[in-house]
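Naming follows writing order (A, B and C), and every chain is counted from residue 1.
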Amino acid sequence: MHPSPDATTDPVIDLEGLVVVLGGFPALAGADLRVERGEILLLAGPNGAGKTTLLRACAGMTRPVRGSGRVLGFDLLRERESIRAGVGLVGHRNGLYADLTVQENLRFWGAASGATSSEIEAAASAMAVDGRLATVPVGRLSAGQRRRTALAVLVVRRAALWLLDEPHTGLDAQGRDELDALLRRAAVSGATVVFASHEADRADQLATRSVRVVAGRVEAVDG
Amino acid sequence: MAEVSRFDVAKAVFVKDLRVEIRSRVLVNQILPFSALVMVLFAFALDATNVLTRVAPGLIWLAVLFSMIVIVQRGFAVESADGALEALQSAGVDALGVYWGKWAALVVQLVVLEVLLVATAVLLYGVDLRAEGVVLLVTTSISATCGLAAVGTIYGGLAAGVSGRETLLPLLVLPVASPVLIGATRAVEAALGTGGTAISEGWPWLGLLSVFAVAFGVGGSFAFGPLIED
Amino acid sequence: MTTITPQSLEVPARRRGTGTRATRIIGLATIVMIGWLAVFGLLISPADRDQGDSVRIMYVHVPSVWLAYLAFIVTAICSAIHLFGRRHSLGVDRVAGASAEVGVVFMAVTLVTGMLWGRITWGVYWQWDARLTTTALLFISYIGYLAVRGLEGTRQQRARRSAVIGLLVVLEIPLVHWSVRLWRSLHQEATVLGTDLDVSLDGLMLFSLFSGVVAFTLLFIWLVLHRSRMLTMIDLAGERALDEALASRISEGGEKRA
């Protein structure tokens, strides 16, 4: 994909003292974080603690004003383009075109990222948005189906690091379980997943490790 | 990841934009009726038919400008509604490819719009198309459209990157687009023979419009990435 | 790994105002030169043979349009330095912004004095003359530029965006001017009216005009220095507020843990 010298041994995310300011407010106030390959890491913590900003910073989408970091082996400040190519960020919004069908959305991303049509098919079936769902406009899907389509885009893009912001929001119990199963499978096939959730107890089932984000900093969770 | 060329990205964005339009029919159901309505309102404001025939080329291009603002806003609302532009950015998709794709889609929509507006001018304003002016009319429209689309896409991207600032779009686009309004109006006057203008008077304007299209096409290609970047 | 540390801003943190010895001297010189201009422009220089006393408007009008263009050239150069320079300096971005603000004011003065002169000379406030029209469109374009500067975002984002817009406007100027000239050359009214803004100036008039240019240039330098220092201080205040906000955010985290 985008190899860096020690891609296999380096941590996927390695942040030190990251400060990110949004509208004069330090949304991240010196965050440190290390994530190893293949982990499914839960970012727990109350709303407004900085989870979303932390995910966006890892994706190279918000520029830190202080601190340093490497993501997928690339420098967070200097090699943002390389980071972006390997990172998949799904925020509160799914980044899909509501007027287009699932298949058309995936094909668009396939064309923009060089995936073959069989890869697109495989991605759709991996995220269970194939078959009957494929020809439904995204605007008419349920929240869970839309979320899965957005994740299928990450598969199409072969993103090595998945950054998901509250992926369970708006899903019913069945939708959550389905999503969890799909994410576990993605992690097994080589992706690293970092996801934020303010409902720690329910999200714990999915995560292989948890940290707490409090007041713009990352704290280890004991036990 | 397989190498994706800039043109692949541009083509994907272009096809996607037109597909969204075909599905949603916003151009056909809302924007084209709006611009036809503008032409009718011009007739109310200016009253006499002989005046309308005289100023028809200018009114056509004014209507194109105003409608283009709406088309551009719509084109980038599609991108920002569910965070798609941000998703493209966060995936490191080539910004220049996105610019060219959106530019090409805007060109196609503007051409449809212009055909409709010229037809409206023929039907409502008593404008006569003359055969010897068709080449000038078509080349003028194409080069004016390319320039307008370049400008519209640059500033549309800027406005889309900043939420809730779509109102800034006309203030930024219209002064820059004014040479196109002047040039295209004069060239179309020559093509139609409005007020006894000869066709030969139109060609210098075509030169201006072509230079404009190239200048802002190149300028926009450099500007778009930095403008939508966080 | 690249590490970002707080950016050193060019102004010492403790200073109270934006004045220095140099700006005070320039300010004083500006006042003297404006007085000088008033004496020469209003009293000593003669009235024009054709235009009478209205020619005196030129001593303000012409320097202000020169300075407006100079201001926009400074903005364009600073934009280019910010965009293509290695440091992507925020300092030049602030100068670009300050210069554009001052330029817009000078351009407003240009338009108002030009219209007053036109009313007296041509009998109308506005002529669709190539220079006038270009100037008006440029004025609006720089208002747009300032609006872009006011958009939300980080300082780097603001600087990059406005630098791009600043350079696009430069692309726009020749095209606007070309189109308007081509347009007006097809219409004869402007020259039929006879008098143009170019008048034959005698020595004393030329000297008054020159005084105006010097006075306005000093005024421009003085304003831009103060304004860009003020913008620096605003950024500095933001930086300091950030330190406080960081400290309080960190202690907030400590309380929650306890």
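Keep in mind that, in the parts below, a contact is a pair of C-beta atoms (placed from the backbone, for glycine too) under 8 Å apart; a residue touches a chain by one contact, two chains touch by 3 or more.
Model, not experiment: these values are computed from the prediction.
A.B. asks: Which chains does chain A share as contact partners with chain B?
C.D. replies: Neighbours common to chain A and chain B are C.
A.B. asks: By Cα centroids, which chain is closest to the centre of the whole protein?
C.D. replies: B
A.B. asks: Hey, which chain ends up farthest from chain C, C-alpha centres compared?
C.D. replies: Greatest centre separation from chain C goes to chain A.
A.B. asks: Compute the distance, rounded to whole Å, between the mean C-alpha positions of chain A and chain B.
C.D. replies: Each chain's C-alpha centroid was found; their separation is 37 Å.
A.B. asks: How many Å are there between the centre of chain B and the centre of chain C, using C-alpha atoms for each centre?
C.D. replies: That pair's centroid distance is 31 Å.
A.B. asks: Using Cα averages as centroids, what's the distance between chain A and chain C in whole Å?
C.D. replies: 46
A.B. asks: For chain B, what residues touch not just one other chain but two or more?
C.D. replies: Correct list: 230.
A.B. asks: Do you know which chain A residues sit against two or more other chains?
C.D. replies: Residues 63 of chain A each touch two or more of the other chains.
A.B. asks: So which stretches of chain C touch two or more other chains?
C.D. replies: Chain C, residues with two or more chain partners: 152.
A.B. asks: Show which residues of chain A lie in contact with chain C when the two form their complex.
C.D. replies: It comes out as residues 16, 19, 21, 23-26, 29-30, 63-70, 75-78, 214-217, 219.
A.B. asks: Residues of chain B touching chain A in their complex?
C.D. replies: Going through chain B, the ones touching chain A are 1-4, 8-9, 11-13, 15-16, 19-20, 23-24, 78, 81-84, 86-93, 97, 230.
A.B. asks: Which part of chain B faces chain C closely enough to touch in the complex?
C.D. replies: Going by the criterion above, the answer is residues 154, 158, 162, 165, 168, 171-172, 175-176, 178-179, 182-183, 186, 201, 204-205, 208, 211-212, 215-216, 219, 223, 226-227, 229-230.
A.B. asks: Report the residues of chain A in contact with chain B in the complex, numbered from low to high.
C.D. replies: It is residues 1-2, 59-63, 80-85, 87-89, 91-100, 104, 108-109, 111-116, 137, 153, 157-159 of chain A that touch chain B.
A.B. asks: Using the touch definition up top, name the residues of chain C that touch chain A in the complex.
C.D. replies: Checking each residue of chain C against chain A gives 1-6, 152, 154, 156, 238, 241-242, 245-246, 249-250, 252-253, 256-257.
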